[in-house]
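Written below as structure tokens is the structure these notes are about.
Chain lettering (A, B, C, D and E) follows the sequence in which the chains are written, and residue indices restart at 1 in each chain.
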Amino acid sequence: MQYLIQLLISGLAIGAIYGLIAMGFAVIYKSTGLVNFAQGEMTMITAYIAWTISTTVSGNVFVVAVGAILAAVLLGLIIERLVMRPMLGEPVFATVMVTIGLAVILRSAINFIWDAYPHGLDIGMGRGIVHLGGIGVRAGQIAVIATLLLLLAAIWAFFRYSKVGVAMRAVAADDRTALLMGISATRVHALAWAASSVIAGIGGVFFALSYDLSPAMFQLGLKAFPATILGGLDAVLGSGVGGLLIGITENLAGGYIGSGMKEVAGFAMIIIVLMIRPFGIFGERDIERV
Amino acid sequence: ADPGITDSEILIGDVEPLTGPPALLGVAASIGHKIAIAEANAAGGINGRKIKYVLEDDGYVTARTIQGVKKVIDVDKVFAMLGISGSGQSIAVMPVLEKSGIPTVIDVAPVKFLWEPPRKNVFVVGQSYEEGIIHLVNFLADKNPGKKWGLITQDDDYGITVRDGFDSVVKAKKLNVVYSGNYKKGQQDFSSDMLQLKDSGAEVFLAGGIIAENIAMTKELEKLNIKPVTGIFWPGRIEPVLKLMGPAGDRIYAVDYVEPFAGTAGKAFLEKAKPLVSEAEFKGINRYTMTGYAAARVLIAAIERCGKQPTWACTISELEKTKNVETGVMAPISFGPGVRFSNQKLQIMQADAATLSFKPVE
Amino acid sequence: MPTTIPHPTPQRAPVAVPQRQGLLEFRNIRIVYDNAIEAIRDVSIAVPEGRIVALLGSNGAGKSTLLKAMSGILYTEEGVIENGSIRFRNDEVHRLAPDELVRRGIVQVPEGRRVFAALTIDENLQMGGYTRTSAEARERRDKVFALFPRLYERRDQIAGYMSGGEQQMLAIGRALMTDPVLLALDEPSLGLAPLIIDRIYEVIARLRDELKMTVLLVEQNAQRALDIADYGYILETGRVVLDGTAARLTANEDVQEFYLGVSSTGRKSLRDVKHYKRRKRWLS
Amino acid sequence: MTALLTVENLSKRFGGLQAVADVSLRVAPGEICSVIGPNGAGKTTLFNMISGVLRPSGGRISFDGIDLSTISPWKFAAVGIGRTFQNLALFKHGTVVENILTGRHTHLRSTVLDAVWFYGRTRKEEIAARQRVEHIIEFLEIEHIRDAVVGTLSYGQQKRVELARALACEPKLLLLDEMVSGMNQEETEDIARFVLDIRDELGITVVMIEHEMRIVMDISDRIHVLNFGRKIAEGTPGEIRRDPAVAEAYLGSQRADAMAKAGA
Amino acid sequence: MRTGDYKQSYGELVALIDSPPVWLWSAVLLLALIAAPHLLNSYALSFLMIILITVTGALGLNILTGYTGLISLGHVGFLVTGAYAYAVLVSKYHMPPSVGFLGAGVVPALASLIVGAPSLRLKGLYLAITTLAFSFIINTVILEMRWLTNGARGIQVQRPEIFGISFDGDAAFTYLCLGIAGLTLFATLNIRRSRIGRAFVAIRDNDTAARVMGINLHAYKLFAFITSAFITGIAGALYGIYLSFVSVEGFPFLLSIEALAILIVGGLGSALGAVLGTILIVLLPEATRIVFSLFSAQMDATFTTGAQELKSMLYGLVIILFLRFQPRGLVGAWHDIRRTWVHWPLRY
């Protein structure tokens, strides 16, 4: 029993990180209709910046947190302005490809600016081990689960009720008509990129806290994207849940079948779910009328 | 004459992963080559010719390794080759190397395939992965008789080699293996694996990860509140690892055939290197720098022995005649007729968390 | 005919731009798609304040292109205004961003309705009021609901599943949410049942008469359009070939034959049309 | 005479919405028949079921003696049902010619292996198909846009391409969903002429959904009226003009009066 | 002044190459390709080989993603399956290489039936994720089936000898790649202009309408998968031979992305685009390297350890800039050039 609980908790903890990054994917998709192939890399950059702040400015949690969030916002805005905005109105495939080019640049930037060695992020907390009923958990792992849940609630309300949230959905659905309504697509996109960068960046920082930084960290994107699909591409909420599900499934498979089967189990679960719900667990069916 | 030689210069080529995560080993190895070359050039070069080093990046992608090797051979027309990327990559370029006949000293990834059967022009400095593991497991088994064992390996050729070495000792010493895991390359979260390890009650653990994996595993064990006797393999034996493992990494064992940086030989090497490389490069030094340095020294010495007009044939035969060449970073190196593998002596080291260094134990 | 309605000079002689007073004016506009397709060649059109101007013309004549140019979204389709200008209240506006145009009061109901399919009716309307404060938007929304009670009944329904007529009402309602000075409608009767068309035209007339709104109306249904319009233009292959007051156009023989389906002998049954018309061109 | 198309008690539900309820109708071979009704009455849904786009929730459709529920949706074209779409369903990255050629799909036979080699059978077949397509293009007067990418055409031009593509299928029954919407008088007349011609010369039976009363009243042999998914009337144009239920639900009484007078 | 060509017969309308200039330069290109192996050094030749092999693979992906619109994020799965099928048949069971190539096509084609099955229900990126899953799962399967595949150890592969002709030398092997790439291009172009290709494209653009035209969606989607996997598998075998060593690691996930990049940069849905895109993507690193070497002295001095990273950043940047200015890919650029050429000096 304890074995199972332990598996579930660590599954939730890594799943929450997948979930945060997956939400990053979904936020951009929901408001621009694009898949951002550089999501994992953006996450990684934010985490590295957080590390730099912690080693050069201050290791204080708040300093690092505020610094990382500002950095993530800036990163999102810069990318939107310099890279994505010029592609407005161009074919989707070309635009997605641009994010792939961006991913190449960001990935190389890590070794260029920093180095290929692993680094630990130390902000004075989060790395400590808490014992809950005999089960050891790192404080950061509890924090990331809580953060995910909080963000899920906030984002759900945002898309449901705020004018800007609805505008994001409108722009994604039909940006030309949104323009006709006086909605500035560029502003909406900038907001989406910034938000996505922050949400995923938070995931990245938590990852660094529990698992250290390394230039291979961008591969988290490859875990989170399936989570987005599982939850439903256009469902920000679903993506968070999708991440948790993948984390749990992988850990259960790893704990009961064997480590080599982790990834396969995650994918098998996704395929089965999609066969039952072709638009993901929370995704909405395309509206098709002829 | 053979390519790569002018009146004033002699070219040596290399292809390494210089970008992406494996840059950790590729860059370090190339720095080792650079140190040896700078050292030789500072001493006047090879019989008056300065050595020029041509380095290509393959990003750890096999196709690009082949491309890179062809480039340095065909376009840059180098005289000899050093290094050459990871194990899968060097295996794949073997036909190219053999066909071209260029003198080559491999130092990064010593795997059996590279010297069995021996190829005329390809020499390997180091020790095989299997032997390394066998040495480590034997040591741990002798030290911890009758204990329960756990092992985890990566799901690639590197992992298989580790596993093979391990299995041979298990058979010979009839070890009691209670956990045997196999993780996907690139895996970052080891919570379920380590939980299984804990559940199995293993007391001695061979962590077959490379770098980040071993760190993640030890930290996970710390969380689970157990501390088995742990052994790691040389690719992961780099000092920053200890810092990240923290107290959990204290006293883990490692095996290697190059000297630890904490020892006198290691310190001397760093002293020597310091003026020869840039500051950034100096930071990139790790054990692969030593293997690269040793291989370059052997190659340079062989070319040197060929005198004024070195040729491929001469270089190859001189390489073959390498006997007990001292490099200061590992045991003396020797090859021989039909022997293309230097078979370095191994030593066991132990981590010291206080000084963040590995110290020899035997 | 009221004197406020201008009489543009014939298009063939664009020598001197004559004195015109229109709320919105296209002046010698030339539009090219994709660097290759010249969709509009030298067109001048004036839309006087508080009037309905109808824009007629066969398929591919360039009517929608003109509207897209007006609302600043031409660039999304690789279209470029190569020449001429668009003026609104005597300001050049053809270089403004779409949202700025909306703020100034120009809004277009796009061809084929283009409601936000995944949004509810209420959310669609909310998007129409995007440039307004929420108090203004609420007020506008009540007006729209009063105009189209049907939308009120269905306000929480997903727009994508509504029938064509309902979507058209929504599209117009959404445009009205921006509180426009000038409303451009691209084929508002497209696909609508006769009763609904009646209702929509009633609404259009009321917009002009009660709210003093200016309307630019693109229509295929020439009869309907000329019935309520004050002035009309006929566009063929990118040029204005005829223009005049609605009454004058209705009386024109060619217009009768090609746009209204009446010939000198009165209205003929379509069954009796014996051969295809080789489309007559005013200009070749 | 036996009917070409028989629809019996057809229904379609979307969740809680009964889009088509218990509709029955018969279309005789060679007939031109119209379906009219208010927006949202279920006309397009009816077409969708007849053409295999949607599966009925209840009822039966038989066509040319075949029960359509027994065959797969993609075989509907082969048995002879062709259609156009209300909201345009073209292959918008293809040229006009390619779109129309796609309509010939069921009439072509070449297999993969033929196609890979191309020369011989496939080439002969392609040339023949191309020839037909060129005739259709000429017929509909769309030569000037023959090689244009469909996505860049104006709405009305695209409608013509749809018609051309449906004709290329050589159906026995042609379903036209609001063909003349977005067309002006002159173009409407052409389409009317055209529908009469294909019926008379090619023997194609036509069912059309239209809101344009002139074409409905002038050229239909029979009219079916739907409202809220149900059939509320059926008859000749003359009968429909005078039907009070139709006037109430669809035409508006004023117009109905005017039309009744004009037609009488 | 040429203002366009006019066709004299319907036959010309369906011709693959419809104008004399195109004939001419196609022939010149072919001759150049035939001469190349004797003129180029082995480094340059290795680019030619890689281009030809990649063209084959890209054309395979183009059928699925370019024509049929089914996005595959896991095409490397078919590549690796083909390579293993060849390696196992030829190196392990000593079958003739011709059988090996057949296997390299057939085995992935069979696998594609399983991967393709979800395509009957899933769309867009939802389907893409199942192909991604496939490529990861197939790696696990290969690693697990040690008795057949040697697991992670990989399999050595020799250059083949087919029907008595040895393809051992670089030049000879290049001809083999050229032959296969040429055949693939020919077959793809032919499929595209037949009813089969039109059905693929119809499914991509509007599947409902395609079905109403009588196209069996299930059959054609699976069919696109099968053809695509067959071709990609053959490319995989060639790639394995080129690497001389088939292992899971030699086929990283990156290749799937790179293949998509090729199609997009070339111009999605066009065989010519696949060819041009391959050339660009394969040669781009070399181009950046050359540009880089112009400044290498300063660069190396300034960034002793980061110079290589700078190079790959440049690579990413070039891709972004290229798409910024040519979003419809090389084919788009090509059409623009041709139009200007044909209509010059008139603009419309």
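As a working rule, a contact is a pair of C-beta atoms (placed from the backbone, for glycine too) under 8 Å apart; a residue touches a chain by one contact, two chains touch by 3 or more.
Bear in mind that the values here come from a model prediction, so they are computed numbers and not experimental data.
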Separation of chain C from chain D in touching-chain steps, minimised, is 1
Which of B-E and A-E has more C-beta pairs touching across its chains: A-E
Using C-alpha centroids, which chain lies at the maximum separation from chain A? D
Farthest from chain E in C-alpha centre terms, which chain would that be? C
Go ahead and note the Å separation of the Cα centroids belonging to chain A and chain E. 31
Separation of the C-alpha centres, chain A versus chain C, in whole Å, is 44
Let me have the rounded angstrom distance from the C-alpha centre of chain B over to the C-alpha centre of chain C, please. 75
Take the average of all CA coordinates in chain A, do the same for chain B, and state the distance between these two points in whole angstrom. 36
Which residues belonging to chain E are in contact with no fewer than two other chains? 140, 143, 208-209, 303, 305-306, 309, 312
Chain A, residues touching no fewer than two other chains: 107-108, 111, 115, 260, 263, 289-290
At least two partner chains per residue is the criterion; list those residues in chain D. 53, 85-87, 89
Which residues of chain C touch chain A in their complex? 71-73, 75-76, 97-99, 101-103, 107-108, 110, 114-119, 123-124, 126-128, 130-131, 134, 158, 160-161, 174-175, 178
Flag every residue of chain B that touches chain A in the complex, lowest number first. 19-24, 27, 152, 155, 181-184, 186-189, 191-193, 195-196, 199, 211-212, 215-216, 222-225, 238, 240-241, 243-244, 246, 283-284
Quick check on the complex: what are the chain E residues that touch chain A? 118, 121-123, 125-126, 129-130, 132-133, 136-137, 140, 143-144, 208-209, 253, 257, 260-261, 264-265, 268, 303, 305-306, 309-310, 312-313, 315-320, 323-324, 327-329
In the complex, chain A touches chain B at residues 3, 6-7, 10-11, 13-14, 107-108, 111, 115-120, 129, 136-138, 207, 211-212, 214-217, 219-220, 250-255, 258-260, 262-263
Which bits of chain E are touching chain B when the two form their complex? 41-44, 46-47, 50, 140, 143, 151-154, 239, 242-245, 247-250, 252, 254, 285, 303-306, 308-309, 311-312
